[in-house]
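The same chain A turns up in both complexes below, where it pairs with chain B and then with chain C.
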Partner chain A sequence: MRVSKPCIAVLVATLCPALMFGGTISGKVTYTGTPVKQKPIDMGKEPSCAKQHATPITTETVVTGANNVLENVVVYISAGADDTTVPSQAVTFTQKGCQYIPHVVVLHTGQELQVVNADQTSHNIHPMPTVNREWNKSQPPGSPNLSEKFDQPEFIKVKCNIHPWMAGRFAVLKTSHYSITGDSGGFSLPNLPPGKYTITAWHEDYGTQTQDVTITGNETKSIDFSFKAKAY
Partner chain B sequence: MGGKLFAVILVVIALASAVPIVSHTFMGANVSLPEDISTHGHDIDKQLDETMIEAGLSFLAAQLVLAFFVFQSGGRNGVLKNFPGGAKYLVVAAVLLVGAEAIALGAMGTKAWGKVYFEPASADALPIQAQAGQFAFYFRYAGPDGKFGVLHPEKIDEGNSNFFGLDPENDIPARDDITSAELVIPANKEVHLMLHAKDVGHSFYVRELRIQQDFVPGLDLSLHFTATKVGKYEIVCTQLCGLGHYNMKAYLNVMSQDDFDKWLKAQSN
Partner chain C sequence: MNKHMQFRMGFLYLALAALCAFPVAAQDAPDVGPHPPQPMKPMESHIGKVTGHAKDAKMNYRRYCAGCHGDQGDGNGENAVWLDPKPRDFTMATFKCRSTVTGTLPTDEDLFDTIGRGLTNSNMPIWNTFSDQQRADFVAYIKTFSPRWEKEKAGDPIKIPAEPPVTIESISHGKALFTKLECWKCHGPQGKGDGPSAATLTDSKDQPIRPYNFAGGGDDSRLKCGSTNSEVYKIFITGVDGTPMPSFADVIQPNDAWDLVHFLRTLQVTRHSKENDVLKAAGGKIPAYVEKQSEAPASQSENKAAGGGN
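What follows is the complex of A and B.
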């Protein structure tokens, strides 16, 4: 009966919460207008990084997909789902090719963040919060991962002082009901018990939008967000 | 006997020390300096040579004189013969000699230095702005309109490649400004480099250009030079500026005028 093990795991993981709660909010994030063109990054001063990119990578302030899809938007429940359980699993933030992967990391307050330096050069990780405590730590190549956490919900800019072009965001939330848009622009917030929710969509350059949704039972509600692109 | 041996050792040390001086002076600057790619660098190299010869000869002479007295007094248990004319006059003569030498070097050196610093850049020099910040250099070109956008330090957004703090939304001249991590310049054309620091003190140093100039926070400093040889050279920060100082560098890319025009056009698009 070896076959059934993963099958059972998948079934439990997908069906059980659905049977228990059932409510899902899903949708898509798009933009209107013309977003500013992202600029190629010159990593000439750090050859060990430059050679990892056959063509130069660009800035990631606004990342879009086909059909006006907006990526790197964090969609989360900002009110309605009190969620104090901190996930025990750490979230990883990797510095590779002098770039932050992923560009936007979502964390629960108090959740462990593992910072990895996969490069042959020193980085320093400098999150610039205003509510949480600011810190700035250097991480030479080959050094162990840094383990950090943030206590207050906040969207935090992250930079590397050694490589000024490196930019990332930590989205520290009070909830684990979140979704981040990828190249399809879609998001899904499953396992919601009946109730009234405020859904917030946050984009690093375009700001936030909110919508209220009421879940009455075992249903899927569809909402979409549309951001207006800035010309500059 | 000990004193005489010491005198001999002094002479040997003096002659051995003269080897790099002589090799520097007679084998040309290439032994110790990288190739000079600027129009003004020749004067600076010449000045270095003159300094080397003067200081080298003075050093040799001083060592030999010292050896002479040590030899003369050797074996006499530290009793010195009188200096010729008395110690006082010799000291005065030495101070005057060294002082005159230092002043002469300074006066001559000012000519070479003044060509870069005391004369303004010519009107048709290519203006480029250089910004130093922890821990990278960035360079800005005025773009097709020939006008630089105004700087708004609060608008600096490095993650979005706005290293200078431009405001393209409201400031039209800023829209076509070109920002580059590499200092790209045409050969045989004078460049007017305007330097400012974003945070702390830094330094702009290109060995091949024979230029080293500090960035001073709060000051807009100016340099002008003409590079003569196509190639890629290193720009390094030579003023300790913090944790990432060791990693603060950029490249000077000297291109032919044609290639430079093409590069500039490609950046504009």
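What follows is the complex of A and C.
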């Protein structure tokens, strides 16, 4: 097919601003109802961890902020943005004070995951996937970081069998258009070229919700997600 | 009987024969068991010179294995509710006894060995009554239950270096490693399976699971994946996938691993072993391990060089 030069110029002129600035989808994640109270964790069996916490910590299955904000929700583009570029930067997952930091790690399929043991005790890192392969590795104190990756998109529970209260999630996505909510509950997915997108919000206990959004140009579309709190 | 009659009778016989034969020929071979027949995947296994064929294990699987592992290989056979630990779910393709690194498929030989060895402290018996060919056929059959076997290759077998001699020093160093790597957190300080984390352990299907008790049993005591020293070595390098037992491949050096094997043998207090002999000869007490200087060989050669200079 022959395309005239002016035609290409017009195409570049229309596409480039969108590629450089693009549209943005942003919003807030909240909950309705009363979330179940998180349980306090007794680290008495692991004094080296217990002494790192001035006040006892609780489980992190449901973490909320002021004004019904729901934290640790992964908001990502599940359809519309084919994104096969694997970020070259590794994502770090740290075991500190017998807790996972962060509690939910988001990474691209094939992206490197660095697992750090910052504690004075052994941990075993035991992801429990169903699509990817299950493995289980020991990481005593002072040992080098583990370098891992996952090939298939999946929300994977990870635990330490030695310290059964440790439970985190690996959110393996096939997109790098994602955002994870913090104490403001806000999320933002910038740099989106015009197109139709499916936005998914995932929470480890409350499941997933999706919304379709169409971006026509250099605009910001606002969408919100609201999860119903489980009573148990 | 005239010719015409003969012809007519012959025709009748033909018709009768066709009536009888046709329904039999039109039906498939009747299926055994409660599930409808499924097309069989042409899966093979290769153990040495023996090639196993999945289709040849079908009848034996239904007769000897399905009661626990289920017709569909999902570990939900009719006996499963009564069993602890639960029968293996072959649809997950996660196996305890492997020669391959954690998170990879076992080799055909690993599965073949498991069938012949059985799994101690479980209801899986020693199926050494089957011929090598039959066990190879079972291995091929087991591989039909998960699509992973078509997509992935078995993992790389781990390398096991030659075993160094057992000495009281190697046992002593092994004990130090047992403490440092925190094996005792689950297995207990005396290896009795009563460590502080033992009570809360669950397998990957959230079923409670006990850590191995080294102190139980005498000369007949078996470990989960074999009883030779190499097999003990293998178990903590590969980890026991699907259970809380992790792989120590990244955190233990080959010679250190052998020292740990020598110490683990002394935890089997009532089992006769060369390790227990060495320990007895040393007075029955494991001396405290004295950490060698990590750069010992280098500094020694330096010292020698310095000495030579003087």
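What we mean here is this: the second predicted complex is superposed on the first by the 212 of 232 C-alpha atoms of A that agree within 3 Å, B and C clash if a C-alpha of one lies under 4 Å from a C-alpha of the other, contacts with A are read in each partner's own complex, and residues count from 1 in each chain.
In this section, a contact is a pair of C-beta atoms (placed from the backbone, for glycine too) under 8 Å apart; a residue touches a chain by one contact, two chains touch by 3 or more.
Keep in mind it's a predicted model, so treat the numbers as computed, not measured.
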Could you classify chain B and chain C on chain A, in the superposed arrangement, as clash or fit?
clash
Contacts of A:G33 with chain B and chain C, given as first, second, both or neither:
neither
Which partner does A:P194 contact after superposing on A: first (chain B), second (chain C), both, neither?
neither
State whether A:A167 touches chain B only (first), chain C only (second), both chains, or neither.
first
Partner chain in contact with A:Q139 - chain B first, chain C second, else both or neither:
second
For A:T61, is the partner it touches chain B (first), chain C (second), both, or none of the two (neither)?
first
Figure out whether A:D42 sits in contact with chain B (first) or chain C (second), or with both, or with neither.
first
By the touch definition at the top of the document, which applies to A:M128: first (chain B), second (chain C), both, or neither?
second
Candidates 146-154, 200-208 or 218-226 checked on chain C; the stretch that hits chain B is 200-208
Which positions of chain A sit in both the chain B and the chain C interface?
45, 121-122, 124, 138, 161-164
Which part of chain B faces chain A closely enough to touch in the complex?
133-137, 157-161, 163, 168-169, 175, 180-182, 242-244, 247-251
What residues on chain C touch chain A, complex-wise?
92, 94, 102-104, 180-182, 185-186, 196-197, 200-202, 204, 239, 241-251
Can you check the complex and tell me which residues of chain A touch chain B?
39, 41-46, 59-61, 121-122, 124, 138, 157, 159, 161-168, 205, 230-232
Within their complex, chain A touches chain C through residues 45, 121-122, 124-126, 128, 130, 133-140, 143-144, 146, 161-164
